[in-house]
Amino acid sequence: MNKVVANADEAIKDIESGMTLMLGGFGLCGIPENCIAALVRKGVNNLTCISNNAGVDDFGIGLMLQQKQVKKMISSYVGENAEFERQLLSGELEVDLVPQGTLATRCMAAGYGMPAVYLLAGVGTEVAEGKEVRNFNGKDYLLEEAFDADFAIVKAWKGDRLGNLIYKDTARNFNPMMAMAGKITIAEVEELVEPGELDPNYVHTPGIYVHRIFQGSNYEKRIEQRTVRPRTPKGA
Amino acid sequence: MGYMALNKEQIAQRIARELKDGYYVNLGIGIPTLVANYIPEGVNVILQSENGLLGMGPFPFEGEEDPDLINAGKQTITTLPGSVFFDSAMSFGMIRAGKVDLTVLGAMEVADNGDIANWKIPGKMVKGMGGAMDLVAAAKNIIVAMQHTNRAGESKLLPECTLPLTGVRCITKVVSDLGVFDVTEDGFRCIEYAPGVTIEEIKAKTAGRLTIADDVKEMTF
Amino acid sequence: MGYMALNKEQIAQRIARELKDGYYVNLGIGIPTLVANYIPEGVNVILQSENGLLGMGPFPFEGEEDPDLINAGKQTITTLPGSVFFDSAMSFGMIRAGKVDLTVLGAMEVADNGDIANWKIPGKMVKGMGGAMDLVAAAKNIIVAMQHTNRAGESKLLPECTLPLTGVRCITKVVSDLGVFDVTEDGFRCIEYAPGVTIEEIKAKTAGRLTIADDVKEMTF
Amino acid sequence: MNKVVANADEAIKDIESGMTLMLGGFGLCGIPENCIAALVRKGVNNLTCISNNAGVDDFGIGLMLQQKQVKKMISSYVGENAEFERQLLSGELEVDLVPQGTLATRCMAAGYGMPAVYLLAGVGTEVAEGKEVRNFNGKDYLLEEAFDADFAIVKAWKGDRLGNLIYKDTARNFNPMMAMAGKITIAEVEELVEPGELDPNYVHTPGIYVHRIFQGSNYEKRIEQRTVRPRTPKGA
């Protein structure tokens, strides 16, 4: 069993215009940079993208927005992106804003074979419009359906030939749920290792969920908000 | 005669007094983030960042920023001994299950029944709610850090929110530049006023129902 | 002339031929467990154990048993390079999400519409369904390993199950001691018969609707 | 913040008769041996126990059954236990048999703040009796409610003072979901370590879910089915 493909272009070769994609990452942290670049090269369009954010103007999903490849974004937060706002206000782009926890849980539901779950977020707000409201134990919940994505594209720290993945720090974020949720799941990793090199107790995404894997290259890993504290002066 | 209102740091400082030892706390973006700088001596709290971290530490030293280690405001941060990473589903799972003891967040408007609006200005701003709707829907204890009035001097503590809601009947306390207000069945109850601010000024600048606690007192710093 | 019926090892051996390279497979307790011993050369499959393991290896050498490492039958086992542990929720999540390609399990009764009963004999046996109901409800490809008749010689391939159901219209194939049967819209379709077993015997011992495939053939070992 | 208690007796001191408990483990693997022993010593009864299995006659939850402490078991499989069967058939004990995946997911739902989820298992069987059936995308599902337990009692391999836990091998099983699901969660661990000793990327249960933790002792870790293969003869 070998799920390894040569590179991002091969991994995404059968992604077609009009498809629904999940893309991992939070802000620019833990995003599948190589696959996004390949999608831009391939030029598919009319995509529906499920991703917590929409990148910034010149990085992440922002690169796909620049090329007008995205028909609809399903996200929780789409600030930091002027081109996004322009396309949205001009009507070129549809957006479905979903509370972040609901977004994560609708991915998880898909990966866990649950067609729908009841969640708290958004009760009494415009997010609830058109949704079933149901009371359990005195509290109202919204019925939220699992997402249905043709491909999930995730970024992991390390992975093996069988598709087992581990993530690093907060670059984990949405990646594990999306990895579970795609009909076909593509994983790009910083380091591809042999089966047996990852400790079986500490794999975050079991390989059964992953269909294709490759070692990415030239990761930029851009930082959105570089915040630091001063060093205590040396020898002071 | 002292200040005429609190600055952002002072709002954060006042909110920090609400932290109790052993609390798990989620701090929103903006003034709430500053609360971490004023955690009282002897009070140990664990900060939750909803992008997948319990035990958020301070900003890194220059040159030690790690792009894989950020908070929900996308700022570079550090960990502490005992920190844990997890995925977004678990992060909001613990929020929904009521494991986070206190949430502090900003608001554009609040209403005297506990409603909050902080995510959308129709036709103007379309950034999205991020994790705010999940947090306000689930947290047991929600403190809002905000300016009492907008730039035009109009009250943001209202009888009813005019902007699209983030959550209904959920907030428990407001700390504004003018004072501290519990959210009660009778609307906002002023329990403290900022040094140099008068009850009359608070009354004038609060559009929602307002009561003044019998033991209302001046805030000290 | 040859055998009159398959023994358990042969049933397992025949089922093993259904495995395809790259399959993720869940093997139930009993005969299904034996299937692991007959995986064809060149066919790599990964065994899922629903208590939380992908990549189940063989039994340990004596003295190397680890009480923390068991399969769903509570037997001591080992791992293989690339094995992964996970919790029970994720384990059944992957089952429900259709990630397991093939499930092999035993049955007390099956019906010609694909129903299966294997968890309860009212008033007699109250062991519980374990993971069987989840597996049959979700798996795409379910092969049942069973004896064709009970000890009294009565058919267990029925027009309708008499025992409480484990799942409805779910099984795709039956391998019994007498032959191999696809479950079709017309009921059981015999596609192979055990060496020495006659079609007449199969007809006599199958209570449910039965058709015989045009190209039915004798099983070889 | 220190969640450490001295021992099992202190950890369970406020568990009272009539309460609902979740107990981790699969068969005898990964069960909270120390807490079970303490519950037997304390003698509380009329308990409702949510646990995948009910132990064997003389170990695990079987020890509580012997003392007639259990009013109701909620489990997926209760074989291997003659005393259990006797109490059940005599009407002394109630049992609610739940498909294993549904059991796990109803624990998870509680830990994830989901009051109810739709699941496949048991549709068309007696498990579906009295439950809402709902069709999503052409398939029927049952509405299954989250469990509501006063205490969850779990067994981990290592844990720290803050309640962070890691599990070993298949001793993980139901423990992580139950740890998330209890109103109060007690964890017994084989090794108690200091905060910082567990790698933050590989903690299975974040400490926020755990209220009390102690290092257990005298683990028996009994094996139910000792299966081995012959060694290849040496020097043959």
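When the chains are written out, they are named A, B, C and D in that same order, and each has its own residue count from 1.
Criterion: contacts are C-beta pairs under 8 Å (C-beta built on N, C-alpha and C of every residue); 3 or more make two chains touch, one makes a residue touch a chain.
Bear in mind that the values here come from a model prediction, so they are computed numbers and not experimental data.
Enquirer: Check C-D against A-C and say which one is joined by more contacting C-beta pairs.
Expert: Looking at C-D and A-C side by side, C-D shows more C-beta contacts.
Enquirer: Specify the chain most distant from subunit C by Cα centroid.
Expert: Farthest by centroid: B.
Enquirer: How big is the gap, in whole Å, between where the Cα atoms of subunit C centre and where those of subunit D centre?
Expert: Subunit C and subunit D have C-alpha centres separated by 28 Å.
Enquirer: What whole-Å value do you get for the distance between subunit B and subunit D if each is reduced to the mean of its CA atoms?
Expert: So the centroids are 37 Å from each other.
Enquirer: Taking the mean of the C-alpha atoms as each chain's centre, how many Å separate subunit A from subunit D?
Expert: The separation of the two C-alpha centroids amounts to 33 Å.
Enquirer: Multi-chain contacts in subunit A: which residues touch at least two other chains?
Expert: 105, 112-114, 119-120, 167-169, 172, 200-201
Enquirer: Two or more other chains in contact with one residue: find those residues in subunit B.
Expert: 79, 85-86, 89, 92-93, 95-96, 138, in rising order.
Enquirer: Mind listing each pair of touching chains for me?
Expert: Inter-chain contacts occur between A-B, A-C, A-D, B-D, C-D.
Enquirer: Of all residues in subunit A, which touch subunit B in the complex?
Expert: Answer in residue numbers: 26-30, 52, 75-79, 85, 88-89, 95, 97, 99-105, 107-108, 119-127, 157, 167-177, 204, 221-231.
Enquirer: Show me the residue ranges of subunit A that touch subunit C in the complex, using the header's touch definition.
Expert: Residues of subunit A touching subunit C: 1, 110-114, 160-162, 164, 180, 194-196, 198, 200-201, 203, 206-209.
Enquirer: So in the complex, the part of subunit B that touches subunit D is made up of which residues?
Expert: Touching subunit D: residues 21-22, 24, 44, 46, 48, 54-55, 79-86, 89-90, 92-100, 138 of subunit B.
Enquirer: Quick check on the complex: what are the subunit C residues that touch subunit D?
Expert: My answer: residues 49-53, 58-62, 64-77, 79, 85-89, 91-93, 95-96, 126-134, 137-138, 164-169.
Enquirer: Can you list the residues on subunit A that touch subunit D in the complex?
Expert: 105, 109, 112-120, 136-137, 139, 141, 145, 166-169, 172, 199-202
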